[in-house]
């Protein structure tokens, strides 16, 4: 089991009704982690528009996660 | 005979050693006036780069001139 | 340099840092909070960022602008937190020897910041509702 | 509005006149006197204009910008007379609802002013010589 801190931003905070979650997981990569998280989502966001980051760096959905990681789910930017 | 005031700008002032001339001419249009003026020029400018104006409006080389007109010869702009 | 700011953006200070004696051209963009957006009447708005990643990505964009265009200085500051109508949301300024590079780099930085830097806009409308704004 | 100015350009005043509550985007260009140009070291320079025709043509360009782009306000002021290094030679500012129109209109006005408005630059170089500058 790994301890993972998950961060949600923008409208994803409302979908998960949280800006972060601390969870224990068996998921090996971000894709699996996301599927697991979808079970507690209030609606299903467009996955293709979401970017993911691991420990403050953008990364791929296939990126492996390790114990103690911080994983962020980011909806499309709307700054400016 | 027409009385014409001729204005020179930029480097054309140096070519004619004047910023303006008052002259009497038989020339019927700006093209003819220019040919006449070339006789008193210290060098021959690139005519194709010169723009002409009559009474504060851009116009063509073929524009007819009338007594009392003000005709300006303008080298390429270099503002900004 | 790219920065996030929780306080009002001081464009005069940023401009002084961007001007350069060797540069003939300075271009800046300022984004202001409008009183309407996508047909809705806006009361105020809030920008939320993922700060560490935002500053990293913003500075990466400015580095790219230096690689792509012959510019001398480039700065961008994006406001975060709650903003009212008439507040400045983003400032981008670029100095270059020639105007073409200054225009292109300013536009590049703005466009990339809007699409890549993790910042999200939440609008509060005059009808009492609020919502996250999607990319235009 | 296009204006010629014999006095230093006050960009803050011009900017206030250009900003608009309904506009999300403001783009400005400032042209500064550089300490070098086309390989020569510049001491100072003078801009000469054909004033009546310059203001007419400048305003015509701004009208064209309003026809071509969805902008709300646009101003351009060009300095004439003697300028020193670090003086502002030209200021162009545009407000629009969206950034694309603001950038394009600002660039359009600047490019057209440089090529069409009867203003000529005479540079004084540090070697004691001076000369009329040809379009870059």
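As written, the chains take the letters A, B, C and D, and residue 1 is the first residue of each chain.
We take it that a residue touches a chain if its C-beta (ideal position, glycine included) is under 8 Å from a C-beta of that chain, and two chains touch if they have at least 3 such contacts.
These figures come from a predicted structure and were not determined experimentally.
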Intersection of contact partners for chain A and chain C: none
Taking each chain's C-alpha mean as its centre, the one farthest from chain C: B
Inter-chain centre distance, chain A versus chain B - centres from mean C-alpha coordinates, in Å: 73
Centroid distance [mean C-alpha coordinates] between chain C and chain B, Å: 49
Chain centre separation (chain C, chain D; CA means) in Å: 24
Mean-CA-position distance for chain D and chain B (Å): 26
Two or more partner chains touched - positions in chain C: 31, 99, 110
Contacts with 2+ other chains: residues of chain A: 80
Those chain pairs that satisfy the touch definition: A-C, B-D, C-D
Sites on chain D touched by chain B in the complex: 31, 47-50, 52-53, 56-57, 78, 89-90, 110, 113-122, 132-135
Partner chain C, residues of chain A touching it in the complex: 7, 9-11, 14, 51, 53, 56-58, 72, 74-80
Sites on chain D touched by chain C in the complex: 19, 21-37, 85-86, 97-99, 102-103, 106-107, 110, 136
